[in-house]
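In what comes next, chain A is part of two complexes: it sits with chain B in the first one and with chain C in the second one.
Let's look at the complex of A and B:
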């Protein structure tokens, strides 16, 4: 008999047969039938020991093999099965430990620039304490989800790269994103869970509370947060600010003109402005002036006319100044405020451009100006993602009331990469549009998510209070490779993947639906999510979640086409036709599933951050390096023409536009413009207008945006800074900088 | 005199204060809809994608 046994970690311990006996007893007990008596247990153990001796085995794994063998031979098949399971569980836990600890070691000791795993999300600093803490949690959670939560087929599909379950670490916790209606939220004031905030009363507090709402909601969801009607919402703050400024300026004028003391002037103003049919606003100066005069006797009128004129001018000036400062602060806050335990700023988006009121226009003008000016030292702000709504009759044509803002938006985007442009006239967006109702205007969330259609409640095809619940992506190039050039086989495989994704999305929906209002004190507790205001604290959120979308996505259409046809859709018409057929098929399946379930199944052109590299790495392992398919480090984003393919901007837009109509859960097209876009506004506008004409839903123009932090130059920097002449890493003399400072206001010194 | 000037010149030259040595340029890029202030935080796949982007002629 072996005196020693060798454990898994290589060290030896004294052999103890009672441990074997106990393990068998435990397995037998777990079965509940097929009871082995005490003598039986001894007998089995003895037989195990005999075999070990005869075969001179001393390794733990070998011992366990022998136990299984003996149990089966003695007819205790169920106990043997329980023993195998018990053993497998332990292996899993042991693997978990090794696997997780390996990851934790990397997270702990490797700098982010060396470890890809620490750069999974480009906006989280993987080197900071909270960034690392988040990653520990995320990796631990993923392991838990993979091994104990996911249906086996979904877990396997994700692990081997057939599909990608996005934000898997949040599987048990929450939903992706929400479009927040600030107008509703602000009406009676709100609570963030850390204190109650009154209804705001000035543009400054409107902007500040907007940040707080984005932040509070970000902490309850795993995706970005969006304000779909920013101009309409902030306009109310401008309105309140203007009124106060008007009254103050009115009193001030009386005080000086009539030599009153301040209190008297205020009291006088109150009396004079009483009983008028409406309040003074930014837009109604003339009408209000007439009403004011009409309300008072002949003798009063000359003074009142002068006072009104003065008050209006002063109030406009002050309101504009304050709105600019509020927008500047809004941007600064969203680039610096913390969420997720301080590891990142909230992922925020704001949509605007269709409010034609004087107040709404003032908001947008000043937000754009502040964006164009940049942060403290002229840096480009990363957040919020800004989306300008382009709409004929409102902002698109030179005769439209907001055309000037559209122009300013393009100027700003040519300098700062934001805003992007959404096109409300694209037929699939226009079908929801009702004039004068922001809730019917399609909005896009930064990552490109689009939520408006609603099969669950066809009366409520609206933007506000809704968002995506979760999404999962299909690896299209893999299907192309598996189909070996056979298109029919491709569609059969695609259907299998789609079935798998739908099953998994529904599984996740069940988990999400099991939550209660109290799990989301802000999102649900404050009535931000549609219909959640009717729920009580302990209520389930399953029913209201049905307003959200369950979304299937795809990646690498270009590589899939290349695998099937030897060409992608930028290269040949036939490939474009097949590409459209594939995406149409995906959409049809989503529509069918939506009809069948009454849930908002929809299709997204996946935004793929960590994913584009993961899929291709797995496919490279499986199929080797294949030209046009696995020969890069990434798969091409959704339906895009490959970024490395030489193509004219207009052709690219033409090819990609039809996919926008098919991807009802979100899409975006990019054009890469050469050189300093701000010096080529004409080209910029031509491209945006072409997107509009082609039926693009959401688009933006990329251009090189570099900055020298030493001299403050912004524009294209190749090798050498055009302003101060230094190369990357070189110094400049202080004297030279002082000279530059005289020439340029934005030299940071 | 001559010597003196040379001397002063030298002194000035050594006192020229240089700023910015070691500082790189900031390159802001868009990635899956979001802007990122520095390429360093891109993961490997996205870095490769950014590198391979070609410009689209607008003519």
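Let's look at the complex of A and C:
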């Protein structure tokens, strides 16, 4: 008998005949018939060992050959077959492991610009240490999920491009995104999991802690992080700042006017401001002044009136200045601070525009001004994605209290591409709206995700503390091609895909639901997710997760229509009618599934640009290059009219708006303007107002920003480039360019 | 300028093309008609293909108006070129119809208003078109004076005149002409 056997990797281990016996037993059990008794197993194993010795075989593959031979010789042909299959499957996995190691080699040695795999996520710098470490994890995880976790049909559907399981590498780990209520979080302070923070007391701290909250939550989820009520939350910081500034200016005035020493002035201020019915705020200057005078005797009043006036003016000035700086720091932080092992900035969004308080308005005004001014040397910032809430009676019409902010938002967007605009008056959004309650205002997460309806808990159709759990996208053009122009066949195939996606979403939900509070020390441990504050550290999160959404998405409606009718919905009314029918069908199926399961199944107009390229590449392999369908690099985003199709803005909005009402898990429409929108705000406003009128839920106006080919600056360039200072036709010295390269990552070299 | 009550319907004009929605040819979203044919020959012109008189195609004010009227977002029409004042009859007619829809008219010309004055003496429609113009950007493009900051002008010698300014300058020109004996 051989004492050692040689494994595939070349190393030797002690021979153990029980391993052979177990393998045969497993194969036999898998067959379910042709049962081999315990004695039979021993007999077969002994026969294998005898032959190995007789032939002096010691290699693993040779041993397996002998096992097959013996099984067949003794008439256990079915068991032999199972054994062969088992062998083949493991060979496949081993090959895949080699494949994984090849990927690791590429990640390690090749520069990002040469390897697609290192550029998969545009936000991650694949050349840095932490970026590479993150990619090792991601690729290893995908391998594990594909080979050991996913149900076979879902794995196959994803691999062949029928569907796309988004963020598959996070399948076993976490959820997509969350709308964070900072007001709740800040109350009594919070812990990030690494350190405890007190309740903030100034606008600077409010803004800094907002960044920290986004960052901490980003490290626990795979999608974006959003603040749905930014103006309301930051207003509290402005309020505290103003009060302190008022008191300080009040004391300062007394100190100078009455020639008191500083401590005495502070003490007197305290006494004078005591016992008043309310605190001084940014918005109540006059009323507070009157209350102050009413509280004191005739002789004090002239001095108090002057002091109050001075304190109010000084406090307003100081608060405005500090708020601007806090908002500037907020933007700078979100474009520079690290998350995910230092390889990425958080994917952040903020929604605002409906707080009509003086404090909330000051926040929004200064955030917009800081955004308009740009980063560093006037660079256009990428984060946070900003969304201005448009609401008649609040911000939409010239007589509305926040109309001025809406105007400023458009002015800012015309220069910086953000903010985008959300429309709370669209009927599907308006149904949730309760005046003065930010939790009833629909918010959008930057990429377009929308979470508000709640079939699991109809009393809690709210924005805060909720988000998407996961989403999976259907490749519509492929269905169009498979249906070969037959609409009925298309819907049959579509139903099969929808069934597959629902099964897979539920499978993932089971995995997610098996997690405990301690897996999410911030998201669940700090009570950010709805109802998680009632859970204990070791509790399962399955029940509270039901507030989140399970979402099916779609891509390439235009190409699917083209495959079915030879025209897309921008080209003919029949196609538009069928397009609506398809998306209505998807929505109806999601609604039915939601009723059946009590879970928030919903429909999203899938955003992923990278994915639309993957689908088209796979379909090109399968069906060849087909005009209007696979003859492009990307399938058209969700329900959009193809970007390359020339169409007037009003038509595009009219055609796309009805799909917004159907896609309850998120949507966006873009309008492309050809020219510098900052010089024509009237045109900009016309388009935003038309979106509002047509029932668009979330819209964005894009316009080409200028790009200086010499220094890479992107933004509005008039006669002189703000980054390198050159005028058209002038050059920049090599030395100056190298210097700029260190400051700006996008200087072309 | 005072607008005359009636204008004759003119059946055709030669255009280089139209842009259905432009944000760079006047306030708001605008329907731009690029007329065909121009004599100025400004060096560095950004539309040299519109200079010859043979190219482009014939269309009618009615056809342009129909196309214009389908788009609810439009603030108005812009005549650019080419030189619009070489075809003032159909354009004045179209401009009047646009006004009837409550929309505005912007006109680009390579002539200065002063240079248009003598033309108007021979061709009354020049004055009619000016009457129908809410915003006139006048004067030739001078490459050496290129200026992009303002948004509407191509070079700093050009002026942006609203209807009132056109009217008062026109009055000055008339007075000046009246002062010259036997004109």
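In this text, the second predicted complex is superposed on the first by the 626 of 749 C-alpha atoms of A that agree within 3 Å, B and C clash if a C-alpha of one lies under 4 Å from a C-alpha of the other, contacts with A are read in each partner's own complex, and residues count from 1 in each chain.
Throughout what follows, contacts are C-beta pairs under 8 Å (C-beta built on N, C-alpha and C of every residue); 3 or more make two chains touch, one makes a residue touch a chain.
Treat the numbers as computed from the prediction; the structure is a model and nothing was measured.
In the superposed model, A:318 makes contact with neither chain B nor chain C.
Counted by residues of chain A touched, the larger count belongs to B, out of chain B and chain C.
Once the two complexes are overlaid on the shared chain, A:607 sits against chain B while remaining clear of chain C. Shared-chain residue A:293: touches no atom of chain B or chain C. Once the two complexes are laid over each other on the shared chain, residue contacts for A:726 go to chain B alone; chain C is not touched.
In the superposition on chain A, contact is made by A:676 with chain C only, not with chain B.
Once the two complexes are overlaid on the shared chain, A:30 sits clear of chain B and of chain C alike. By the document's definition of touching, neither partner reaches A:303: not chain B, not chain C. Applying the stated touch rule to the two superposed structures, the overlap between the chain B and chain C interfaces on chain A comprises residues 648-650, 673-674, 680, 683, 686-687.
Interface residues of chain A, counted against chain B in their complex, comprise 112-113, 116, 119-120, 122-123, 125-126, 347, 379-380, 382, 385, 417-418, 420, 446-448, 607-610, 612-614, 616, 632-634, 637, 643-650, 652, 668, 670-674, 680, 683, 686-687, 700, 702, 704-711, 717, 721, 726, 728-735, 737.
Residue ranges of chain A in contact with chain C, taken from their complex: 648-650, 673-677, 679-680, 682-684, 686-687, 690, 703, 718-719. For chain C in complex with chain A, the touching residues are 20-24, 27-30, 71-73, 75, 147-152.
Across the complex, chain B meets chain A through its residues 16-37, 40-46, 48-49, 52-59.
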